[in-house]
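Sharing a structure here in C-alpha cells format.
When the chains are written out, they are named A, B and C in that same order, and each has its own residue count from 1.
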Amino acid sequence: MNHMPYPHASLKALPDQLIDSFFAYQRLHHIGSGFMPTRQEIYRITDELFTLLFPGFYGRQDLSRENVTEHIRRKTNNLYERLYLQIFHCFNCRRSQSNQAEKKASQTAEKFMLSLLRIRESLADDILSAYQGDPAASGTDEIIFSYPATLAIGTYRLANALWKLGVPLMPRIMTEYAHSRTGIDIHPGATIGRGFFIDHGTGVVIGETTIIGDNCKLYQGVTLGAISFPHDDSGLIVRKTKRHPTLEDDVTVYSNASILGNIIIGKGSTVGGGVFLTRAIPPGCTVTTKSIELKYRKQCDVFAPSVVSDFQI
Amino acid sequence: MNHMPYPHASLKALPDQLIDSFFAYQRLHHIGSGFMPTRQEIYRITDELFTLLFPGFYGRQDLSRENVTEHIRRKTNNLYERLYLQIFHCFNCRRSQSNQAEKKASQTAEKFMLSLLRIRESLADDILSAYQGDPAASGTDEIIFSYPATLAIGTYRLANALWKLGVPLMPRIMTEYAHSRTGIDIHPGATIGRGFFIDHGTGVVIGETTIIGDNCKLYQGVTLGAISFPHDDSGLIVRKTKRHPTLEDDVTVYSNASILGNIIIGKGSTVGGGVFLTRAIPPGCTVTTKSIELKYRKQCDVFAPSVVSDFQI
Amino acid sequence: MNHMPYPHASLKALPDQLIDSFFAYQRLHHIGSGFMPTRQEIYRITDELFTLLFPGFYGRQDLSRENVTEHIRRKTNNLYERLYLQIFHCFNCRRSQSNQAEKKASQTAEKFMLSLLRIRESLADDILSAYQGDPAASGTDEIIFSYPATLAIGTYRLANALWKLGVPLMPRIMTEYAHSRTGIDIHPGATIGRGFFIDHGTGVVIGETTIIGDNCKLYQGVTLGAISFPHDDSGLIVRKTKRHPTLEDDVTVYSNASILGNIIIGKGSTVGGGVFLTRAIPPGCTVTTKSIELKYRKQCDVFAPSVVSDFQI
C-alpha cells in the first residue's frame, strides 16, 4: 500500500542546515562538550528510590525478612553508583564546570544516600497526615499506592536533599518529573516541615523560597508564589531573594487560593477557597472571601421554556 | 573519565539501617506479607481494556471481520486472568484480608468483564456529547485519539464498575493513573450519568460522593468538592458520608467554578466561570458572578512612556 | 497460592457480545478499514524530534563535531520516513479519506522536516524569554531539561507546522501528549509569536483561534477561551469561527486569569492574577481585580483556644 516515496531532493541539504542551526544557537545544544546528565536515567533513579522508601509497594513484591537484606544491599550499591554518575555530570557539564567533580560527586552521592533514613521518617508523618486529613482515604495503602501527594512530596524530599547538597540541574529535573505526573509543582529549594499533605493537588505551585511549617495542608490549585521580581540597575531580574510566602505550623489553604509575596501566614491559620492574599495573616485566623454577589437568571431554554425573569433564590 | 570511587565506609551500614527503618514504620512497607497488587500491571491492564473499548484505535491495527473474533477471544481471556490476579491481591493483601479471596476475586473479575458491554454503551454517549459540545472537535476520531476526557471518563467508568463490586485499592489506582495523565481527578465512587463531557479538564476534581445526572458538561478547573468534614467524638474524621454535590441532568459548569458541599444543582442549570457556590440552585437557572470591578491603570513603561494616569475604559 | 479458576461459562459468550457491540457503535471502532495513525508512534516521533531541537540534551549524549553529521543524516531520514507513514494514515484513514494520499503525505512530511529550521529559531527566543522572565531559573540548561514550557511550546510549534500543512488528527495528538505531561493545553491551531513563555503552566488553556503576539508571558491556570458558541439554524454548533482572544505583543497574564471571547488585549498590557475578562483592553494597560473584601475571624481552636471574636487586621 504505502510505497515509500524516495526522499525529496530538498531533504538532502537538511542535515547540514540543521547542524549549522545547532552551532548558531549555542545554548540549545550540547555537542562536543562534557556529557550532560541523562533525564530518563534521573527519572528511573527517582522511581527506584521509591522502592527504598516504600518497599513491597513499589519494585520487587516477594520481599521477606530472609531476602530483604541482600536485596537492599544490592539496590543501595546500584543506586549509589548511578546517582554518582548523574551527580558527576551535573557538576561537570559544560556550563556547570566544577573542580574536583569526581570527589564532590562521590561525597554528595554518599551524603544523599545516608539522608534516605531521615526522608523516610518525614514521609511516615506525611502519609499519616494524608490519612487524617482526607475522609475519602480508605487507608494508608491507598495513599501510598495512588495519592499524587505521595509522589510529589516524596520526590520533593529527595530533590530537596540534593538541592541542599548543592547539586545543579538534577533536583529540578526530579521535581518537574513529579510535576508532570501529578500537576503539583514544588520547587526543590522550598523548605517544608513535617506532616505535609496536599489533597488532589493539580495546579499547586510552591515557589523556590517558600517556607512551610509542620502539619500544613494544601488543596488543589493553591499558589504560594511571588508577587513581583526586583530588577537590578541594568534591568536584569534579581535571582535568589526571598520572594515567596512563609506558612507557620498548622496552616490550611483551601482550593485555588493564591498567597503571593514574602508574607507570613501565622500559626494555625486557615485560608479559604479562592482567596487572593498579598498581606500577612496573624496566627489563629480564618480568612475567607466576602461572598461575591451572584446573579441568578431563570433560563429560557428547553428545560424551562416559558419562564424568563430575574429572580432571587 | 569517571573512575567510580570505592563505596564509602559509611554506606556499608546503610542497608541495615534502612531495614531497621522499614520495620520501624509498619505502614510504609509490605515485607513478608501477602503480595500487594502491582501498580504497573494495573496501569497496563487499564491500557489494554481501552483496546476493547475502542478497537482499532488502540492496540492492534489490522483488525478485520475475519480475525477480530479470535483476537478478542484471546484478549478477553488474557485480561480476565490478569484482572483476577490483581483483584485477588487487592482482596488478600495484609491490610485487606478477606475470606475466600480466590472465589471472590474470580467472581468479581467475571462480573467486571461482563460489564464492559454496558461501559461501551455509556462511552458511545460520552463521545457523542464531546462532539456536540466542542466546536474545536473535527470529529469523533480526534476525540477518541486525543481528548483527555476520553481517557479520564473511560477510566472512571472502568474503575467505578470495580468500585461497585467492592474491590479495594484497584479502582483508585486506576483513576489516579488517569488523573496523572489528564489532570482530571474523578473518584471511582462518584456516580455519573450518560453523555458526560469534560472539556480541557486540567484541575477538575469530582469527589467520592458526587452524583452527576445525564448530559452534564464541565470545563477545566471545576471542583465538585466537600466543604467541611464532620469529626466524631474522639476527633477522628468521619468517612463515607454524602458530602459532595448532586448535579441533576443537563447541568453545565464553566471553567474554574467550585461547587462545594452536599447541595443540589437543579436540572438544566448553568454555573458560570469562577463561581464559588455553596448553596443549592433550582432547575433551569444560570448563576454567574456579579462582575467584579476591575481597576485599569495606564502603565508607565516602554510601550506608553509618557502617560501615567488613572482612566476608565 | 493462586489457583487460576476456570473461566466462567458466562465469559464464553463475551467475545461475541463484544464484537456485536463493536459493530453497533460505528464511531468507536476501526475494524476492517484503513489503518489509523498509531498514537504511541506519534508520541515517539515527537520525542525524537526533540533530539533534533535540542541535540545533546535529549537522545545520544556523545555527539561531537566529527560524528554529528552522520548521526543527523540518519536521524532525519528515519524521522522523515516515520512521519510520512503517520501522515499518510492521517490523510487516508476511514473518516479522513483523501485522494492521492501518498503524494500528499510525502510532500507534507518533506515540508514539515524543512520547517524544523524555523522552529529552532523560534525556540531559541522562547528559551531566552523563559530565562529573562523567571528569577528561579539557574540557566538555560535547566529550562531545556526541566521546564514544562519547553515541552509544551516546543510540541505546539511542531504540531502547528503540521496543522498549517492541513494534516488531520496528528497535530492534536501531539499537543495533547504535551498537555498530558505538562498540564498546558495549547490547541495546534493557535497562532503564537516569538519569545513566548509560560511559567509553571498547569491548567493553562489556549484555544484554537487564539492569536498571541511576540514576547508574551502567561502563568499557571490562565485560560484564553471562548465565551459562547454560535449554533446554526438546526441547532448544531458552528465550528471554526474566531472565538478566542487576541493578545498583542508584550502582554503578560498572571496566574488563574481568564480571558474569554474574541477580544483584543492591547500591546504591552498586563492582566492581573484571577482577573475574569470578557472586554477588550487598550494598549499599555494594567488590569487588576479590585480587592475583594476578606473576612477575618479569630479561630476558636487548639492554637487560640480562648479568643473568639471578629476582628480587623
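Definition applied: a residue touches a chain if its C-beta (ideal position, glycine included) is under 8 Å from a C-beta of that chain, and two chains touch if they have at least 3 such contacts.
Since the structure is predicted, the reported quantities are computational estimates derived from the model, not experimental observations.
By the residue-number overlap criterion, the interface of chain B with chain C counts as different, with under half of its numbers used by both chains.
Between chain A and chain C the CA-based rotation angle works out to 120°, given as a multiple of 5.
Chain C has its Cα centroid 20 Å from the Cα centroid of chain B.
Residue positions 183, 202-203, 221, 256, 289, 292 of chain B are each in touch with at least two other chains. Residues 52-58, 61-65, 68-69, 72-73, 76-77, 80-81, 84-85, 88, 102-103, 106-107, 110, 113-114, 116-117, 120-121, 123-124, 127-128, 132-142, 144-148, 181-183, 200, 202-203, 220-221, 255-256, 273-274, 289, 292-299, 301-304, 307, 313 of chain C are the ones that touch chain A when the two sit in their complex. Those residues of chain A lying in contact with chain C across their complex are 2-5, 7-8, 10-11, 14-19, 21-22, 25, 27-33, 35-39, 93, 95-96, 168-169, 172-173, 175-176, 179-180, 183, 185, 187, 189, 202-205, 207-208, 221, 223, 225-226, 229, 236-241, 243, 250, 256, 258, 260, 267-270, 275-277, 279, 281-290, 292.
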